[in-house]
Amino acid sequence: MLGLFKKKDRRLGSSSKRQYDIPLNKNDGADFLVLLIALMTFLAVLAMSGSFALSSMTKRWSSGLENKLTIEIPAEKSDGSLRSSEQIKGFTDKVLKSLEGNPGIKSAVMLEKDDIQELISPWLGDDMVLDDIPLPGLVSVELHVSTPEVLTGLAKDMALINDNIRIDTHETWLLSLLRVTGALQYSASFITLIIALTTIIAVAGGVRARMAIHREDVELLHLMGASDGYITKQFQRHALILAIKGALAGTIAGIIILLIINGVSGDAEGGMLPDMNLNAVHIVALIALPGFACLIAALASRFTVLRVLSAMP
Amino acid sequence: MIRFEHVGLRYGVGPEVLSDIDFTLEPGSFHFLTGPSGAGKTSLMRLMYLGRKPTRGLITMFGKSINQMEREQLASIRQRIGVVFQEFRLLPHLSAFDNVALPLRIIGRPEKEVQNNVDELLEWVGLGDYKRALPPTLSGGQQQRVAIARAVIARPKLLLADEPTGNLDDEIGVRLMNLFDQLNRMGTTIVVATHSQHIMDQFGHPRLALSEGGLKVEEKKHWIQKKIEGVF
Amino acid sequence: MLGLFKKKDRRLGSSSKRQYDIPLNKNDGADFLVLLIALMTFLAVLAMSGSFALSSMTKRWSSGLENKLTIEIPAEKSDGSLRSSEQIKGFTDKVLKSLEGNPGIKSAVMLEKDDIQELISPWLGDDMVLDDIPLPGLVSVELHVSTPEVLTGLAKDMALINDNIRIDTHETWLLSLLRVTGALQYSASFITLIIALTTIIAVAGGVRARMAIHREDVELLHLMGASDGYITKQFQRHALILAIKGALAGTIAGIIILLIINGVSGDAEGGMLPDMNLNAVHIVALIALPGFACLIAALASRFTVLRVLSAMP
Amino acid sequence: MIRFEHVGLRYGVGPEVLSDIDFTLEPGSFHFLTGPSGAGKTSLMRLMYLGRKPTRGLITMFGKSINQMEREQLASIRQRIGVVFQEFRLLPHLSAFDNVALPLRIIGRPEKEVQNNVDELLEWVGLGDYKRALPPTLSGGQQQRVAIARAVIARPKLLLADEPTGNLDDEIGVRLMNLFDQLNRMGTTIVVATHSQHIMDQFGHPRLALSEGGLKVEEKKHWIQKKIEGVF
């Protein structure tokens, strides 16, 4: 993969007759640095897109499925006796009032008999007459976001009204799933951060190691009266070329892997990539990533060389 | 050109390698620097080419104290000094040609001038066939000649040569000493560190004799006197 | 983090008076190699445990929630007219018979009136009498595994009986979710593999780079009559010490991060770690990982040195 | 001890640096190897210390053709050869002591013996105070003395010294040549490459003279004759 760039580099090198006094373009360890940067970029691309994919998955789930819940005032009390429809209506009103004051609630609608009939018609058929059946009070609630906090708050409010009131979140287990994906997403961002940090350390370390090999050459140039800029420029340029190679290779490899994964997860409705591809912010971030790696490499080399030089009289 | 006043040098926490060095080199002078192995010849040279700062004392070069100079000024002084290092210090990945061309390129001479000057000088030191050779493929004496060529290519105001003929046979050694003499006549101040009694005798320049950290300047007359005394 | 091991190493080094002729224990670039191995191990630990966690999540979801579905024979035909309870019974029997012959089915039970009553009691109360209501036929089915293939097969079978029969998988969308996590898990294993490969390349490259610095020293020892084993041993031992440091640091860092993530995802029922901790195979794999990194480092150094030596007469 | 028959050497695709070298060194002999810079002295030494295989011809060492030797046998032959490299080749991260001790450790001598022998030899070459010093902190001459000490510490059967006194003053240079003489009297075969007419004259050993790729053996009588002719 790295071989791809060799020819181009040679062409770059011949634009001026003589590029380096320090034999940086000789391959003692340069490939290694390229590989390192490629690897870091690759992993960062994967971690980042994983984070993005999780983010949009979480968003869709919590918006599509989760923001609705039903509050039920059962037709019978906990002791088994039936409530009158007036009692139920009273509770329902209280519940509605409490929900009105809650900023996390988008809408709350009491289900009328017709709605309930529709709800149970698959089992009982459309023609059933519900008049003489004691119906529970049902309130359909839509939330802005369903986070654990909102739900716990809601449960508390309801308990204040009557501890017999039940909250049905349709998919209670989905909540914990969301918590997991939230943690995963958090981890993915965290891993991206760690990768960025280690890239800095690793690239700086790699540059420093190469610098150590060439320390004597740098000192010699310094002793011959070469200015700090003259010397730094060579290292920086070199590091930049290596970083560009590595970052491009890593990004391309990462994108290929993403496409493959996308192909495998295939036409699953919950696929990862379709969402990611659409988001401009994410695309910009993915493009910025190799640029960032290059910046790190250039700066690391610059400061490493300057620090070595500043120790010379 | 160069004035040392009460200069002392120690490496790290070791003993003082040089102590209370006092001397003045006039512009256009030619001195041998001598003394037994480990006396501090290379260390003294290191101070002169600004490779180290003295641990005490005052060094004045080109009429200015080096303590008062800015970093850029130091760089421009270094550009006017040519050095033949005892261990050559060629850049191993650059060809003989590029090694010799380096000082010219650092001061930004046009490439055409570089080509001509370097080609001519390499011919002159007998390395016309080795322009593209890398230093590790050169013999010891060939490397030393590259190092000498690199030191003189930019016609430095000050030339410091540390044991410049240690790996050369007498014929080519004398030839290079003659080159130094020629540069000297054109105004370059020269200091050559050497062990070779033979060379010092052949070229009768005044000597800076180092021993036990101290420096003694022996003017020409003085050591001729000593030599005559020794003979009789 | 790496500092932790310094003292120990020095102690190791003093067990014999003189360890290296080649100045490998001097720090020119060694820290860099340690960091690299630590990083690789760290990422591998994360990728591996991610893969494990996904695996157990997927398993639990598909077993706990997914293997049940309900087949409904509606009480009314598609044209609106009601079916008699005999007709419904007939269809139900056909469905049961078809299910019996299906190897993917664990159990299939027809729901009797009592079951249905229980099912709708939250809405209608326990005292309702269902005798005169036309009830749909309901068959509760449990699968061995619910894969898309099994479900599609089932749907075909049902359509053969009557195209009015509905299959209710409770959580159809969960299927696509499972497909996504499957892809994720596949990717995680894939990434682990890539990390292992790049570790090999990177460690070999790192060792080779250090080797390049010491090439002359190696040649000198060779010229003095040192045997290949004498020289190789030094490099291998050195690489091994570096690798142990790095691998330990990486594994520990990885486990710390996992514990943190676990803490964040907290007491969520769908937490990642609780499941992972229990599986002995996974623990062994996680312990084998740093060992593997060390092995790679030792072998890479051995073969790099041997190759360099074999080029010498 | 050493027999070269029609030996030729070229580096890569370059011209033949050595061609048709024929000579025999008897056990216990002492030769100077001389010739102008770039004549191939170091290359010839390289063949003798098995640092390169000749591109043609036959080399017999210690009574056996090197082409027929196994890798282990080559290693054991190398252990019996001491080399002073022209560019010293000290291990920069090992102290002077450890550098000198290396040959003894490679052949697995007990540490106590190593301590005693190395200490004594370092004292003798005047580096008693520099046992713990790393080569880069030593002066050129000090490094050269470490290199010489390392070459002789294991009492090699064959000693090859390439320009061993180039960085030493006359006094210590003569002292080390005397050390070589002493080893020679105890049975070590010695070849010293040198440019120094002075040293060759002082120690009247036969010479191997290299020029233009060919080797001429000048026995003692022969070059004394030449010298006498030159004088008169």
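Think of it as A, B, C and D in the order they're written, each chain with its own count starting at 1.
We take it that a contact is a pair of C-beta atoms (placed from the backbone, for glycine too) under 8 Å apart; a residue touches a chain by one contact, two chains touch by 3 or more.
What you see is a predicted model; the values in this text were computed from it and never measured.
For the pair subunit A and subunit D, chains touching both partners: B, C.
Ranked by how far their CA centres sit from the centre of subunit A, the chains are topped by D.
A separation of 19 Å divides the Cα centre of subunit A from that of subunit C.
Chain centres here are Cα averages; for subunit B and subunit C they lie 68 Å apart. As a whole-number value, the distance joining the C-alpha centres of subunit B and subunit D reads 29 Å.
Averaged C-alpha coordinates give centres for subunit C and subunit D that are 64 Å from one another.
Contact topology of the protein chains: cyclic, one closed ring where each chain has exactly two touching partners. Every pair of chains meeting the touch criterion is listed here: A-B, A-C, B-D, C-D.
Every residue of subunit A that touches subunit B in the complex is listed here, in rising order: 17-18, 21-23, 26, 216-217, 220-228, 230, 313. Those residues of subunit B that touch subunit A in the complex are listed here as 49-53, 71-72, 74-81, 83, 89, 91-94, 98, 102-103, 105-107, 111. On subunit D, the positions that touch subunit B within their shared complex are 11, 36-38, 40-42, 86-87, 137-142, 145, 162-163, 166-172, 195, 197-198. Interface residues of subunit C, counted against subunit A in their complex, comprise 28-29, 31-32, 35-36, 39, 42-43, 46, 57, 65, 72, 74-76, 82, 116, 119-120, 122-126, 128, 133-136, 171, 173, 176-177, 179-180, 182-184, 186-187, 190-191, 194-195, 198, 201-202, 205-206, 208-209, 212-213, 257, 261, 264-266, 268-272.
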